[in-house]
Amino acid sequence: MSFSYHYIDILNTNKLKDTAILLLSCPDQRGVVAAVTDFLLKNDGNILTLDEHIDSETKQFFMRVEWELKGFGIPQDKITDYFETLVAKRFELGWKIEFCKCIPRAALFVSKHAHCFFDILNRWESGEWKIEIPLIISNHEKFKPIAERHNIPYYYVPINKTNKKQQEAEEKALLDKYNIDFIILARYMQILTSDFIKQFPNRIINIHHSSLPAFPGANPYRSAYERGVKIMGATAHYVTEELDAGPIIVQDIIPISHNDSIREMKRKGKDVEKRVLAQAVWEHINHKVMPYKNKTIVFS
Amino acid sequence: MSFSYHYIDILNTNKLKDTAILLLSCPDQRGVVAAVTDFLLKNDGNILTLDEHIDSETKQFFMRVEWELKGFGIPQDKITDYFETLVAKRFELGWKIEFCKCIPRAALFVSKHAHCFFDILNRWESGEWKIEIPLIISNHEKFKPIAERHNIPYYYVPINKTNKKQQEAEEKALLDKYNIDFIILARYMQILTSDFIKQFPNRIINIHHSSLPAFPGANPYRSAYERGVKIMGATAHYVTEELDAGPIIVQDIIPISHNDSIREMKRKGKDVEKRVLAQAVWEHINHKVMPYKNKTIVFS
Amino acid sequence: MSFSYHYIDILNTNKLKDTAILLLSCPDQRGVVAAVTDFLLKNDGNILTLDEHIDSETKQFFMRVEWELKGFGIPQDKITDYFETLVAKRFELGWKIEFCKCIPRAALFVSKHAHCFFDILNRWESGEWKIEIPLIISNHEKFKPIAERHNIPYYYVPINKTNKKQQEAEEKALLDKYNIDFIILARYMQILTSDFIKQFPNRIINIHHSSLPAFPGANPYRSAYERGVKIMGATAHYVTEELDAGPIIVQDIIPISHNDSIREMKRKGKDVEKRVLAQAVWEHINHKVMPYKNKTIVFS
Amino acid sequence: MSFSYHYIDILNTNKLKDTAILLLSCPDQRGVVAAVTDFLLKNDGNILTLDEHIDSETKQFFMRVEWELKGFGIPQDKITDYFETLVAKRFELGWKIEFCKCIPRAALFVSKHAHCFFDILNRWESGEWKIEIPLIISNHEKFKPIAERHNIPYYYVPINKTNKKQQEAEEKALLDKYNIDFIILARYMQILTSDFIKQFPNRIINIHHSSLPAFPGANPYRSAYERGVKIMGATAHYVTEELDAGPIIVQDIIPISHNDSIREMKRKGKDVEKRVLAQAVWEHINHKVMPYKNKTIVFS
């Protein structure tokens, strides 16, 4: 029998907000805000939050609006169709609608580092994050027992120089089978191929230490130590084909002093990595992040 | 003849953005956003930024929208009238409009601490802040020479136990004469009377150290030292009748360790005070702050 | 069979540094540093780190020195005796010696909040912290399954208005039985009695939110929300008889904005609480903390 | 007549602590701490602070000790000689002694950015920093009036492609004439030659924005903007022959969001630059910084 007190929180979707979130973007033009709010207003949509942003350089327009579905005049399954017809087409919007009762399904990729992996499981298990984690994929067997005690299927998919394409195909099949919405790379120490990445645009979240690009190579902590840095940080970003260079979601740092040995720097690095990755996932699952070109808008 | 390289930046209002900023608030109701954006759209107003907020507890609605005056169909001097008639009256809005070309005029109140005072003069003199400082008021003569070298009139208004009411009347007359928009208390060590404060609602910005309310009394740094605090901070707020308890605009902290003597704590305290006060003034002069009840919305 | 990959790290004390740490304090007087270093030098002790501090107000002297036991001329079990006779007595030192191979044994007290509890278990399980957690004590049954899956005895000790003295006596017996070195209150929502606290001077670590003393009472987050605070924090401290007023070990904050609902403030509060408590435990188990009067020296 | 209220603080050296600070370094070896403290003890030196550090990788030993000169048995002008003979020679120490009553003399180099320049003048003028600023050197005439109002000689030394060697020679002559201890590059936008730098080893403090090495080139703020960074920072360091790669003294960051235009990023960048440079100068003038190889120990 499995222990599952967290399901109380997680699976009771009646306790989730019954709202819709519209995210849209287009070259700045007059009338978009009025058209969108008018669309919601005429159909008795009660707006809870509305955020808007115009990129000061590219003049691209971004908007996020959340409204209550209770009392909204258009049935949930027809909102997309109506919005496309009545608003989006007219302004040539890029857009999507998310429903808060639809719990995001995350695949967790991990190698041998525990810190991000454990932290994510905690936030899920304690009900802090309203997500499903239907499977864990790893190139090592190390964390299988951890997955088992949480009753999460654990797929051991070892990668070597010759089998990556084939193994990624297997991973892709698993992700399809489990109907995954997005992937969290919890210190997954394999470089994904372009082919794989292309299938999950802005849906793979990675964390890397801030030593990049200052301290590339095999032992960045030693390089940073020898350089005598006074801060160290981490960057959570969407994965793109260019390694560690995708749209940044969250960055943060911790202070370092001469007292910190390489070992202590690694410990501190882990703390900031898990904090930054968690914040990035939080923004993502709350549909706050809008990627554009190689950057993100993260609405507050 | 006085040196005045900063006037290049400050007084050339042609270099300022030619925009209007509308700040409004009302109990949440349908249609406000649509009505406002419609008002701007129909008159060819090009919206640069639009922010909106709904207080999750009181359901009060807040909005800030900035648009270009160039090409806007309503003459600048009639915008207020038209907006009142066409929009504000219908929704019973609290609102105001600011024009970026109208440079805010700040009175600087100071006693004997130099850190905030100097920092503010710098930001003004270097053109970082687009404000006027038409006068300085102090209960000490100490900084008169500083004012003189900047060609700012310096009024020495000493306060004692019996003359406060009368001296504040004189200050009020000065502020009127110089057509002051808001007051910066740059570590002004006098308590203002309710009568004075009432005449500048949400227009007096004060800074106090974070030791409140933990360490009140004559020597808060000693109390904080003896308590062994590990952080110290500062709070910038609008002045209300309740001492140091008005709407908070900015707060921040700095780390403290056992190595910090009371003297070093004071030095660090000054640094965070000047940083926090400057940030608060920046938000204020950019019309980002909306007070409501005893808190603020600070749009980003 | 239980999963226990962490034992690899934790119980192999051969992998721990074979060092001793001497912590001492006395009114400042000449000759202490020389006497201590001389004591170590004459016995071939290789000093790894030496930190010293003099409180600038009370002139109390503090020192922490760590040296290698390998090659040290005095057998480990006689160091205490020799140091007392040859150095400590002469200077009337308050002092203690810790050996890094002696793994601290922590009792975990928890109620119903998961965030600190899970985080601590992770740091222990992943081997980040070299500690033992021989038992968990709670006034609720909620986390029993979590304890079971880690094979940690879980004692459910409910507290009500009449049984606290008796239940604390039982807890004390458990702590003695398991040979506990210190207690971590991972959001344990019971006030300990003076009698209990006195038995663990500077050996009970608690975490409380930063709203104290500004926002006491039943719903501090609501008070902080209504006050419109722009930062929120947490304080980890040793428990003393005066509630939440013991020597502070670590404090930190996170930024808050008007966008944060009370619910979001609670979420952010949890994050800073678990971070601050973890850092405090880390300093404690590395024997970096020296309490004095009502404050701490935390050597870096 | 010139206004000079700050001289009250600055030139009254009787108000400065009458202490000596010994900074020393050597490969780690037994007996150094004991020998030094013994040297001070035997001559009735009252130690105020003692800090020690061993680099965990190179095993280099560092020590900073401050003691009162009042009552010290060796006359101030003979301390160097005695210490060399009795201690330093035996351990082959690298070392120096500083006396707190000797006010450091800083040359200020500036180009056209006001933020660091003004901030430094303020800290000097208000007496926060106990330093002399005997001259200002600039490759532009812009700030001459500012220097004049502070009665600081201002040398306009324009640099072009062909005259750098010759102009640096003139600068060197000025620095010698004014008996300068160290140089602050307050956003001085010229690259110093190796020849010049070699004459001031670890005595030139520079500030650069954190975009290095990530965003080199002519417009780093635009690059950072387009990359969508979420933090921006600054690094203060000693100048070495390798551009912007000398020993780091202080680093810090500020948060950035998508709301920050390039212009706003620059404004925030200035704030963090002036804060970081000021902290670095503070550590330097308090003799807290020990460079070693390409890093620094900054004692707390």
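Miscellaneous remarks
Per-chain numbering from 1; labels A, B, C and D assigned in written order.
One rule holds in what follows: a residue touches a chain if its C-beta (ideal position, glycine included) is under 8 Å from a C-beta of that chain, and two chains touch if they have at least 3 such contacts.
Computed from a prediction, not measured in an experiment: that's the story for all the values here.
Looking at which of A-D and B-D shares more C-beta pairs in contact, the answer is the pair A-D.
Ranked by distance of CA centroids from chain B, the top chain is C. We define each chain's centre as the mean of its Cα atoms; on that basis chain A and chain D are separated by 43 Å.
The distance from the centre of chain B to the centre of chain D, each centre being the mean of the chain's C-alpha atoms, comes to 35 Å. Shared interface positions of chain B, i.e. residues touching 2 or more other chains, are given as 53, 257, 259, 300. The touching residues of chain B, when paired with chain C in their complex, are 53, 55-57, 213-214, 225-231, 233, 247-253, 257-259, 261-263, 293-298, 300.
Residues 3, 5, 114-115, 118-119, 122, 125-126, 128, 142, 145-146, 148-149, 257, 259, 267, 270-271, 275, 278, 300 of chain B are the ones that touch chain D when the two sit in their complex. Considering their complex, residues 30-31, 33-34, 37-38, 41, 44, 46-54, 255, 300 of chain A touch chain B.
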